[in-house]
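A, B and C label the chains in the order they appear, each numbered from 1.
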Amino acid sequence: MTEAQNPALEEADSHQLVSHEQHLAAVEAVLMVTEEPVTAKQLAAAVDVSEHRMVALLDQLRAEADGAAGGRQRGYELREVAGGWRYYSRARYAEQVSAFVLGDQTARLSAAALETLAVIAYRQPVARSAVAAIRGVNVDGVVRTLVQRGLLDTAGHDPVTGATLYVTTAQLLERLGLDSLADLPQLSPHLPGVEDLQEHEHPGM
Amino acid sequence: MTEAQNPALEEADSHQLVSHEQHLAAVEAVLMVTEEPVTAKQLAAAVDVSEHRMVALLDQLRAEADGAAGGRQRGYELREVAGGWRYYSRARYAEQVSAFVLGDQTARLSAAALETLAVIAYRQPVARSAVAAIRGVNVDGVVRTLVQRGLLDTAGHDPVTGATLYVTTAQLLERLGLDSLADLPQLSPHLPGVEDLQEHEHPGM
Amino acid sequence: MLPVGMLSAEAETTSGFQVRLDGFDGPFDLLLGLIAQRRMDITAVALAEVTDEFLTYVRTLEPEKALDESSNFVFVAATLLDMKLVQLLPGSEVESDEDIAVLEARDLLFARLLQYKAFKQIAEQMAAAAAENAGRFPRRPGTHPEMAHLLPELQWRTTAEQLKELAERALLRQQLEPDHVVMEHLHTQQVNIQEEMASMAEQLRSAGACTFGELVTAAPSRLVVVVRFLGLLELFRDRTVEFDQQAPLGELTVTWSGGAHDDAAHAIARAGAEWGGSGHD
């Protein structure tokens, strides 16, 4: 096997003679077994390099997969979403891939589901009644389905009314391909009292 | 993007000008995101090439991942398991992978995992979506943990939806000190029957 | 009413737009500051009036300046609307039914529509993001044969009987949570503006005239009061009813001015359309 040692790329404080290529491969190996986006910090701890170095490794892997380094463009891409890194199939092969992925992943989000998600995204943690008041319709069924699909999660109860409170999940961000909710374009001008909302913006994400 | 046309490698009967690289990438895309090994035949159908040609593509991808073609050896390898193909993390990075996995694993099952196991024990064979409908939350993560723990196993697919079905294992019976599933304590007769559950199985959005 | 000069120093004045209202005369931003500091009652500010004034003002500006001022205005107005909404939405603290009645109805309509529109736009953006992302599927780890060895030895203490109880509890919980959970305990309910308008039209048609108090006397909640008030305004737009109020905060008398038949139908249909999906998803 190739052991392309490149001292210039080693951590100065590394006491092991681990090659740059082995670090890249170790990151790939970890990303193969993760079930959600993994932060550079988590990866850095597992591979035993600095977080700064890990970001450089991840950037290189991303560029490689995209064919930027001269190799062929891969059928997968390494993306930074929901605060972490994860391999995804490349959108141009959606047709070939979709035969193998089931149900929830391909199901479209209805207008009702999207509006409900929008309200909860900006008002979280929030009770269903508050969402219903804004949307003007009962949202119980939609909310329950969204929880089952992992796009919403419960987050305790309203201290006064006892109503269950809901928050959006990292899976929603993944579904939208966003690193954080702040990446939604034109977040602020839409809504009143942006300052008030920001406290609630990312509970437990 | 590179469009490395190689007529010699094209299917003789291919009417589309699809490059060899795009075929490789399409196979990579599928293998990267499927949860279970996929047969060459299934892949051939999805990518629209002959099965014979697909085996050659898979061999090339395997060699590439192993660094045989001159590139670096990857942290993943393409393995043929039980007649199907899938990317796995490479055994030599087990140390880093285990450092990552151990980071958030405990010796005991969570309450969510135990409840999921209990529901599956009484409703098997059952799809994750049905368990999610009963429990009201997404169960993908806990089901995977239970499979890893050897307490659950897959048992084919739902003939209608294609969803993977899960059953409990002999190991669970052993831990419970039971000889067979028939020895599980009877559920209260007032609970909803399996028929009722099926309506909730695939909530439309 | 308020010594504006004394306060202007503590408010950030970024807008050149001046408002002239009953009891307030000064920069628009300052208005927000005063309300935020609870030195002025938000419900006393007629935003529709302010908006009309602003539109007149902004037409006098150069395009670039107008854009700056407009976005600032929208921000401040949105903040004001939010404050109003806090007081209007179910579950909030409104002092009395009179508080609601004194609100400019157009403000309320405007506020609700603006808020709903904002969320609709966000939903559209989310839909676009989801569509943009649709062809990508995440790597799923599946089961790795080696992974089992990496896990710490499982500590198992659950008996078959406990497992049964867990299953029963899960199945029972599902049974207890039917599809449409009753909303009463959540302190809200859906109100259909068309139904409210139809019943008020019926009541007014037979009585000739009622006070607002009489029209809402049987209202089960504040939300119904608000919806009925909005419904009345819709009827008023078509001159199907007339209002009479002798003094500010005084009793509001509603007089039927339509005929004996379906004069209210147009207003009801329009209200149904404007307020979108009257209770259905």
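Here is the rule we use: contacts are C-beta pairs under 8 Å (C-beta built on N, C-alpha and C of every residue); 3 or more make two chains touch, one makes a residue touch a chain.
According to UniProt, the chain labels map to these proteins: A, B = SMC-Scp complex subunit ScpB; C = Segregation and condensation protein A.
Predicted model, so just to flag it, every value in this text is computed and none were measured.
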- [ ] Supply the minimal count of touching-chain steps required to go from chain A (SMC-Scp complex subunit ScpB) to chain B (SMC-Scp complex subunit ScpB).
- [x] 1
- [ ] If we define chain centres by averaging CA atoms, which chain lands farthest from chain C? Would you check?
- [x] B
- [ ] Sort out for me whether B-C or A-C is joined by the greater number of C-beta contact pairs.
- [x] A-C
Task: Geometric centre: closest chain by C-alpha means - done: A
Open item on the list: With centres defined as the mean C-alpha position, give me the chain A (SMC-Scp complex subunit ScpB)-chain B (SMC-Scp complex subunit ScpB) separation in Å.
Closed with: 20
Task: Whole-Å gap between the CA centroids of chain A (SMC-Scp complex subunit ScpB) and chain C - done: 32
TODO: Let me have the rounded angstrom distance from the C-alpha centre of chain B (SMC-Scp complex subunit ScpB) over to the C-alpha centre of chain C, please.
DONE: 46
- [ ] Hunt down the residues of chain C that sit against at least two other chains at once, touch-wise.
- [x] 137-141, 144, 147, 177
Task: Sequence positions of chain A (SMC-Scp complex subunit ScpB) contacting 2 or more other chains - done: 31-35, 76, 87-90, 93, 97, 101, 108-109, 112, 142, 144
TODO: Give every residue of chain C touching chain B (SMC-Scp complex subunit ScpB) within the complex, in rising order.
DONE: 137-148, 150-161, 163-164, 166-175, 177
Task: Residues of chain C that touch chain A (SMC-Scp complex subunit ScpB) when the two form their complex - done: 71, 74-75, 78-83, 85, 89-91, 115-116, 118-127, 129-130, 132-141, 144, 147, 177, 179-181, 183, 185-188, 190, 223, 275-281
Open item on the list: Considering only the defined contacts, which chain B (SMC-Scp complex subunit ScpB) positions touch chain A (SMC-Scp complex subunit ScpB) in the complex?
Closed with: 1-2, 4, 21, 24-30, 32-34, 38, 42, 45-47, 67, 71-76, 87-90, 93, 96-97, 99-101, 103, 129, 132-133, 136-138, 140-141, 144, 161-164, 202-203, 205
- [ ] Give every residue of chain A (SMC-Scp complex subunit ScpB) touching chain C within the complex, in rising order.
- [x] 31-35, 76-77, 79, 86-94, 97-98, 101, 105, 108-109, 111-112, 114-115, 117-119, 121-122, 127-130, 132-142, 144, 161-163, 174-178, 184-186, 189-193, 196
